[in-house]
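Shared between the two complexes below is chain A, which pairs with chain B and chain C, respectively.
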Partner chain A sequence: MQRVLMKGNEAIAEGAIRAGCRGFFGYPITPSSEIAEYMARKMPTIGGVFVQAESELAAINMVYGGAATGARVMTASSGPGISLKQEGISFLAEGELPCLIVDICRGGPGLGGIQPSQADYFQATRGGGHGDYYIIVLAPSSAQEMMDLTMLGFELADKHRTPVMLMAEGTLGNLIEPVLVRDEVTEFVDKPWAITGCLGRQPNIVNTLHMPVEQLQTRNQHLTEKYQAIRSQEIRSEEFLTEDADLILVAYGIMARIAKKAVMNARSLGIKTGLIRPITLWPYPYGVVNKIAQTCKAMVSIEISTTGQMIEDIKLATAGKVPIHYIGEIARTPNPEEITQQLLVIAAKEGLI
Partner chain B sequence: MKMIAKKPESLTGAKYHYCPGCSHGIIHRLVAEAMDELNIREQTIGICPVGCSVLAYDYFNCDMLEAAHGRAPAIATAIKRLLPDRYLFTYQGDGDLASIGMGEIVHASLRGEKITTIFVNNTLYGMTGGQMAPTTLLGQVTTTSPYGRKVEWEGYPAKMCELLSCNEGAAYICRTAVNSPANIIKTKKAIKKAFQIQGQGLGFTLVEVLSTCPTNWGLSPADSLKWMEEHMIPYYPLGEFKVKGE
Partner chain C sequence: MSKEQQVLFAGFGGQGVISMGQFLTHLAMHTGKEVSCALSYGAEMRGGTANCLVTISDEEISSPLTENPMTAIIMNRPSLDRFEDKIKPNGTLVLNSSMVDRLPQRDDVEVLQMPVNLLADQLGTSRVANMVLLGAFVEKQGLMNIDQALEYLDVVFKGKQEAIIAKNKEAFLVGVDYARKEWK
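Let's look at the complex of A and B:
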């Protein structure tokens, strides 16, 4: 394995290729465009397909068609584009078509801004489009994880026949860091359902219409059971110094790295602090957060969002067991010292110092 | 005994759900006969729209996908790029193709995607109960143009063949009708030609078929054919608009 300097967005693209992705369908938007640009350079040299679509609506529907052939395919975008893709993501979920959707988040609502943000948490973790569904959401926190979780994303997508979203802040997309370039994945799951032309077999159908009531109910029951299986098998999170901690920070993505430093700062000031980092945003590590809520005295959600979005999942997980505080603003990644200052105020309020 | 007519192999034989006098069924059969004659059923992938023909996946005896409203050309694009030796067709109504899917069809034709689109123009939205479509004729009454389509309010009907034939990527653009046995035969010829041109890799192909909707036109099947001849064909002239190389 080679160790090279890579931009987060390039690590995603290279990881995808190494995971066997051979179809990329995108539409330019800052801060995700490097992924499309990388794919435009690489795909023609490895027998893959790159299409710059006329819109995100078209791009996600190209993903729908590409995924239906059984190929590993993906798209990448940011907030406004992800909103447009939601129609297609709903169809992908119902059609049970595996694929990877990358959201390199920028601030919103509306056109918002191109600075970093985690404000797409709601649309990522609540299905996002219409209907009864979830998609797996992975949140990397380094350029290395941009590659690793991209590769994992394709595997999870195939394993559970579901769209998977990789969600990262614009900062991570543009961060240049050393990356251990992973070996290529060569094993692929069989996809007997794929639409490839019915030579030598009965025709296959991919559809999302289930008209008689019972058909739709059976279908949604099947999806619900699948989501339950994903919840029991795929939750991933990281804990840092949580065992003796009174004050627990919860943060994901780039924020988790900054929060880790703040944990060390706060500990040196005598506040027993720890960190939970959700890696799967859906399924959310409710169990871990709940377990730690039994031993800590307060929790803090730290997000790059003004309203606070993940904090709702922390509240669901802790069910009122401990007070939950919030640190967050849009379009700016706070530094560890700023967070430490705010933690001191919270710790004082909670009687922890 | 000599077999003189049979169900095309490219149809499953499932009973159509279409209204009496609706020409979706005839057009399905023509597509299927063309596939049979070219012997491409097992290499063909069809994409059905949102509209009355949403259930076409039950009728065509080949691999089928059902698209979101208007998006079939984007879906077909990706499949064709990944599986270039397959035949791809999209089957789309006029609301699906000329309204919500206008972007996808124009760009698929601009890119010269090697796919075949069967475009069924019945001048309105059949499935949702007869609302106005971009193809609704001037003066035509629909549930959302209750005073008759007026230029000042709703603008002009979309002439898709004329529009798409301007695109360099289009290799075959033809408009036909299914109002008479002669025109039905011409429609099949056009569909077959479109598939053949797709096979030659020359570019985007589309056959617009003028079709009836007796239910939402409020006419009998026989009067519907007359209405098509008197109102639709004069505004939507039949014939080949573009044949690459000719």
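Let's look at the complex of A and C:
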């Protein structure tokens, strides 16, 4: 199969189309705009729908409508736009409507800047909107994975009837790499719940208002059981040289690749380092992180964020077993050389060199 | 060529800096290498700073970023000021002498100069300046032979007007010639 050079953002759009997505509703924002641009060009030629909505709120509610009919639909934005969509995402979660929401992160809070960031981790992995819910969050680390995890995202969304978020840094959205373009998906799950016209059957209703106490309790109990099922089936992560490592780096997305290089650099300097890369940010690979915490001496969370967000999940996973360090900055993606330097300082502090 | 090399292209928006990086990425991919091209530019597409980092490797590319590239293609003075110190020792600095009014201070890197805009103007359009430089760089670097590169350019330019493709190839070959004569 031929490899094609694609920007990360284009790989998402093409992957979505190949996964059968025929509805894109969005409002452009840097650094995600190439997704909308690609869809605007492609959708009309394949019988799909592209709408540049009047606002992010409108876009996410169009996703709600499209998903309710059983179609594979999506939206894409960046942090400020995702914040605006959160009300709709909460409704999608309660309505159990499968869809893909792409967040190509930029620095914040507020309008922030257009430079890369991973600082949407909290709003992505903690539901983000109001109410008792989670959504699946996938973090690709290459243009190839932008395509592959987009396609997986649609599959998981349908399988579990849930919104799925694909979260990547602006760096990856703009990274050009060869992509093996995957085959079109041809088999889809049935959606007997979808609103497709009720001739000859009972009407289907998608509704998120549950006033009677028992009804609300039953709904939330159902969602809780679903999230438990997702936790037991869908956790994905990668490990690199963790077995004999004293110092474990934890990084996701593009940072995982840069951290991998830093691991190799640090090993050449005599520090036994390794890497855990969460691929699903929710559900988080708590089990893997916990297991490795039993054999390593310290961990480092590396994020494109100044406050540190994923570090809280590492702390939850390790429950105080090992010291946790932090390397992070905003608005630029650190280089492997810089990370290696910081690892040397941490290793010295921990008595590992 | 070593297993992995990273080439930085830097200049201002509108000089074809990003295109140059993308062309090299394309050409290298066609030779079967692993490639990536990381783009960095400001909110303003024209007149602002633009740079991109191309990584070419025999193996899977772990990091598409680096602080210290082996090679830097410098298209204007601000880029020289910003990146001169970053190039790895024994690396290569390719300089557009039409636009850079000082010499590099480093004595531990190979400096290759080329009056890129002048050569492009002689072809009748400064718009192909980036292709002139790319031709010279591909020749010097020896990643592929020139006939092969021209074939790949056909693939890259597929769908464009014949005249545009011809002009770009002409510019590419001017660069190749320059490198053969001046960058021995």
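Convention: the second predicted complex is superposed on the first by the 352 of 353 C-alpha atoms of A that agree within 3 Å, B and C clash if a C-alpha of one lies under 4 Å from a C-alpha of the other, contacts with A are read in each partner's own complex, and residues count from 1 in each chain.
Convention: a contact is a pair of C-beta atoms (placed from the backbone, for glycine too) under 8 Å apart; a residue touches a chain by one contact, two chains touch by 3 or more.
Predicted, not measured: the structure shown is a model, and the values here were computed from it.
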**OP:** Identify whether chain B and chain C fit side by side or clash on chain A in the overlaid structures.
**Re:** fit
**OP:** With the two complexes superposed on chain A, say which partner A:46 touches: chain B (first), chain C (second), both, or neither.
**Re:** neither
Subject >> Partner chain(s) touched by A:178 [first = chain B, second = chain C, both, neither] >> reply: second
**OP:** Please indicate which partner A:58 is in contact with in the superposed arrangement: first for chain B, second for chain C, both, or neither.
**Re:** first
**OP:** Between chain B and chain C, point out the one touching more chain A residues.
**Re:** B
Original post:
Should A:336 be classified as contacting the first partner (chain B), the second (chain C), both, or neither?
Top reply: second
Original post:
After lining up the shared chain so the two structures overlap, which partner does A:213 touch, if you call chain B first and chain C second: first, second, both or neither?
Top reply: neither
Subject >> Minimal inter-chain CA distance - chain C and chain B, angstrom >> reply: 28
Original post:
Do chain B and chain C touch any of the same residues on chain A, and if so, which?
Top reply: none
**OP:** Within their complex, state which residues of chain A touch chain C.
**Re:** 3, 5, 30, 114, 143, 171, 174-178, 254, 257-258, 260-262, 264, 333, 335-338
Original post:
Hey, which residues of chain B end up touching chain A in the complex?
Top reply: 41-45, 47, 54-55, 57, 60-68, 71, 74-79, 81-83, 86, 103-104, 106-107, 111
Original post:
Of all residues in chain C, which touch chain A in the complex?
Top reply: 22, 25-26, 29, 34-40, 43, 61-68
**OP:** Enumerate the contact residues on chain A facing chain B in the complex.
**Re:** 22-23, 25, 49, 51, 53-55, 57-59, 61-66, 68-69, 71, 73, 87-88, 91, 195-200, 203-209
